[in-house]
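Shared between the two complexes below is chain A, which has chain B as its partner in the first and chain C in the second.
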Partner chain A sequence: MPRTALATAIALAFSLAAGSAAAATAYVSNEKDDSISVIDLDKMETVETLQVGMRPRGLTLSHDNKLLYICASDSDTVQVMDLATRQIIKQLPSGADPEQFALHPNNKWLYISNEDDALVTVVDVDKEEVLAQIDVGVEPEGMAVSPDGKWAVNTSETTNMLHWIDTSTNELVDNTLVDQRPRHVEFTKDSKLLWASAEIGGTVSVVDVDKREILKTLTFKIKGVHPDKVQPVGIKLSSDGKYAFVALGPANHIAVIDAKTYEVLDYLLVGRRVWHMAFNPDESLLLTTNGVSGDVSVIDVAKLKVTKSIKVGRYPWGVVVTP
Partner chain B sequence: MTIYWECLRGIVLREWLRFVQQRSRFFSALVRPLLWLVVFAAGFRAALGIAIIEPYDTYITYETYIVPGLACMILLFNGMQGSLSMVYDREMGSMRVLLTSPLPRSFLLTSKLLATALISLLQVYAFLAIAWFYGVQPPPLGLIVALPALLLVALMLSALGLLLSNGIRQLENFAGVMNFVIFPMFFLSSALYPLWKMREASEWLYWICAINPFTHAVELVRNALYLRLAPTALVVCLGLTLLFSLLAVISFNPQHAALRRAA
Partner chain C sequence: MRHVLRRAGFLVALSCCAPWAIAAPAEELSIRIGYLGYRPDIGPVLSNVIPEPDDAGLRGAELAIADSNSTGRFLKHSYALESVTSETAEDLLEQAAKQYADGLRLFVVNAPTATLRQLSDTMPEALLINAGSADDRLRSQNCLANVLHTLPSRSMLADALGQFLAARRWNRWLLIVGTTADDQAYADALRRAAKRFGHQIVAEKPWSFDNDQRRSAQAEMPLFTQATEYDVVLVADERGDFGEYVPYQTWLPRPVAGTQGLTATGWHKTVETYGAAQLQKRFEAHANRWMNDRDFAAWMAVRSLAAAVTRLRSTDAGAIRQLSLSGELPLDGFKGRKLSYRSWNGQLRQPIPLVHPRALVSNSPQEGFLHPTSELDTLGFDAPESTCRLSEVRP
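What follows is the complex of A and B.
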């Protein structure tokens, strides 16, 4: 049956073509819509919207990119979505009002900040049980686990501190005072430095992990924008160690920083009130969530230019990208 | 055919020589949009970005927004200034010399329009080059794609200028042209502000802006600069160019000015 063979060949060719062009996919949490927008990064548009728990904020991926963890803040739970089926497969006991979290390199321990209770909750994602709860400062927010797995760091917005948790004992061992309202922390790939943003202070501190002391404090100034509007929140470090990107909130700009000299190279205009960011797998693109304008801006990392803004739901907050 | 070519070459050359010799005209044509770009746009302070509108893919600064409008402003002023030079030519007699040519008058006038348009394009590209260094950088290919759009707009505005010049009696009346043609056309268009913003202020102002040919000129150029086609704007500009040219040629009478003065 030559015709069937031909049809099969054509179908195969199509599926191969589709396979090779399999685009990276971005997942964006919409705080006000209780949903996740799915963006096809080939088409550069939102292709699907998934309903999830109430007030989804922080998002993170399992290290094999198969599961998406969602902080459903007002549902007081962390939801786990199977990305193959895009179904919520379980809800983890996260403690009240989970906002941000970080997954340990062992792919098992999830460190969750509970904004209302001044706690960090450690959850085993396989056993679905709470391993520990650690008292930290008031209004815990930012959360990061060092790539070498030794440290979990939490920021408390009101106490203005970085809280250092030893992951082998899950105990608080040290605090570092930073500028007002620390929102987000990010480790360098070698786990030697930690970048921390201070929203009200308007600064980003680079902290030496061994000494747990501030090495350098960066400030920002955008021509034509009032300094009060410059409120650093999200931070992303390129894995080649070249750039650091800092989202400046209601200043509607992303600061591009030379990660070696700590010099601000440029400010890129994005949508309104930009908070968090994510790279695509090859780090050629950086996506930003613009809360007030309800869209995601796409930055061409090589050219350091904003190429597109994609409409998503209301108040996009977190973003992750899978290959 | 060669006669036509020779004639066209002559007219373009004459415009070129005048352009080169009147360097002040070149600079004043450049200074005007640059003042708008550097001073007006800075005063506007839209550093926080303008909401996304066609053809832009993302948020832009106000400077980026007004560059296409300012490019068209150069064409608008030049088109009208061309009309001034027509009046001048007619009164001083060089237009009469031109019209002694045995070639059809429609051809002579069209050549004149084309010559003015080509010279205007040089000024537009000089402006776009400066804007580029100032930080307004459309896709490089857009600068080439915009060429036919700019040429069409230049022709449309020159034809309009010529049409108006047929009705102008004296040199001084250029001030009137400024007040009653250039300023309303420029301000009641999408050159300085997106039309949705105009609509928020007043519905009828919005409609005046929406039917203003200059709005279509600006949008045609804006879209072309960002590699998009604005079909409505293209149709409007093409149609009006033909209409204005036709009316200008029909209404053109070399003796107009002289006769009127005698009367």
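What follows is the complex of A and C.
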């Protein structure tokens, strides 16, 4: 099928799914432009650029998709954007240098890693107040809250650990040592497994949540790419449990993994220094942010093919999609 | 007991996948690391306007102890630095002997080659990490069995520069060499790099003036740098006697590189990508000054010991040495890729920043300089060029 026909088909599928003319929209944080690029996924192009705080990195959506939370690292704040008006409506007390964060299923507690202070800050987003600050390892980075709401997990890049925070007490209760420079964590939908990437170790660990022990460590080999350049960062798990996608940083590839057998199925070439990923609402597409090339690659999930790249701002880092 | 630990360590080193996942509950460990610092007085220099920090090296080691304790506190591993800074080589040897008698076996050494060699001889059961000597002889022929190196060798620095100059096609060099043995050694490394990367040294001039160039550079340097056509001036002046006065004073309007001008170094304030900004911030909060190459080498030394201890759950110097030389100990040095020790000479392979005082110019290895196993091994003495085979011998 020619690409245009395919795009039309996808677009049609969207508008049917959405039940209206509104297309799915991707928001991409541009680390070195202090801006958010807005991509219309019907048109497959950047339609607007929004100015935000300094060095925006982590992005996350409220569970009703009405609010966009933005880690403005160098402004030392988390900004909250009302997506209906695209205005910043408040700034949360995030602690210094917020980089990544995760929202609890209760839609209230935001767990934020403060890279310079070796802390995780928990903020109540409604009351705009800090509920707790938890000491973790040096250079906290990745953050995830389990879908069942029990665990918040933080990774620390210099300490090389996963820090397990019990969300009922907001206390650190356990630590799992992983490979060098853990960057990102992602829970499976059933909250039973946690996937964790280690950028310098070059591995992804799959961790049993009940035991907080590593079940399996995955390694990657791409023909023609030196192993030292394989630096896993972002992870995305498809909600049907079929695939795991791992962004391999300066190796400029996305690894596609069978989420059941842990076998690497394929490597997809995307833009340069690929950081993070997001699915569109029906998970037919996966978007990747490519820091050095300043664009977003679009992957057709059914075909496991890269179909398009979309120009955004300088150094795109985080990405989320709303229906 | 030591024997058992060593064997256990070896088994851990062999198994590839996350051995800690199945490890028994953490056993408490106390890791004492000695820091031995001695920098001989370099004598009066002509360009003494901006002094070097006295505590270069030590402050890096201190920060690495704090960083390592961040992992340690969760594993019940406690790291402590026992530091000695001496005014003389004799005093350093004496203090080191005391630490050794007291049971210390892991050391970071920031001292000249001769002192390092003596320390290595007198503490045969210890593992020493060299963060103070860039001497190529310690990496090519006369490797010390119980010494690893985190400071880049002179040849690594010269090769980093030589690759960049080749990429720019600045192939015709005017070489100016200072009077000290260190300057001669640096010039040797430059000559080696010139040969390796296809450059031509069109003229070589020894620097033998003893006047103060602060007053007279503009009058004298243009005449001194008269030569047939050259693309770049290379300076070998490690202590900074005259080299600072070469840029902008050359006969031909040409760039200056080497120990001054465009400089290859293990670390610099302007290195900030790949998370380096966080390390720089932590260091500046700790030491109230910028982190330099010696600080970084000492930081890296302690971090690599800690990475090995975390893996092995043992402080045994022999096991740490073996794991370090096995190539199975990936290290995070904020340089954009994993670092590791070369199995033949114990040198830490690492990208080398090329800087001028206020900006990063490039990073070597340059693209296109290929190597069958690691492009990082295009810098310095590669296995076939070195007679050392450290991983095959036991100290």
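Methods note: the second predicted complex is superposed on the first by the 303 of 323 C-alpha atoms of A that agree within 3 Å, B and C clash if a C-alpha of one lies under 4 Å from a C-alpha of the other, contacts with A are read in each partner's own complex, and residues count from 1 in each chain.
Keep this in mind: a residue touches a chain if its C-beta (ideal position, glycine included) is under 8 Å from a C-beta of that chain, and two chains touch if they have at least 3 such contacts.
The structure displayed is predicted, hence computed values, not measured ones.
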Once the shared chain is lined up, is A:Lys223 touching chain B (first), chain C (second), both, or neither of them? first
Between chain B (first) and chain C (second), which does A:Lys303 come into contact with in this model arrangement: first, second, both, or neither? neither
Looking only at chain A, is it chain B or chain C that touches more of its residues? C
Regarding the shared-chain residue A:Glu157, is it in contact with chain B (first), chain C (second), both, or neither? second
Which holds for A:Lys127: it touches chain B only (first), chain C only (second), both, or neither? neither
Contact-wise, after the overlay, does A:Arg181 reach chain B, chain C, both or neither (first, second, both, neither)? second
Let me test your reading of the model: by the given contact rule, A:Val270 touches which partner, first (chain B), second (chain C), both or neither? first
Just which bits of chain A does chain B share with chain C as contact spots? 229
Chain B contacts chain A in the complex at 42, 45-49, 51-52, 57-61
Under the definition above, what is the set of chain C residues touching chain A in their complex? 17-18, 20-22, 67, 70-71, 74-75, 275, 278, 281-282, 307, 310, 330-332, 336-338, 374-376
Residue ranges of chain A in contact with chain B within the complex: 222-225, 229, 251-252, 269-272, 293, 295, 297-298, 306-309
Write out the stretch or stretches of chain A touching chain C in their complex. 115-116, 118, 137-139, 156-161, 175-181, 200-202, 205, 213-215, 217, 226, 228-229, 231, 250
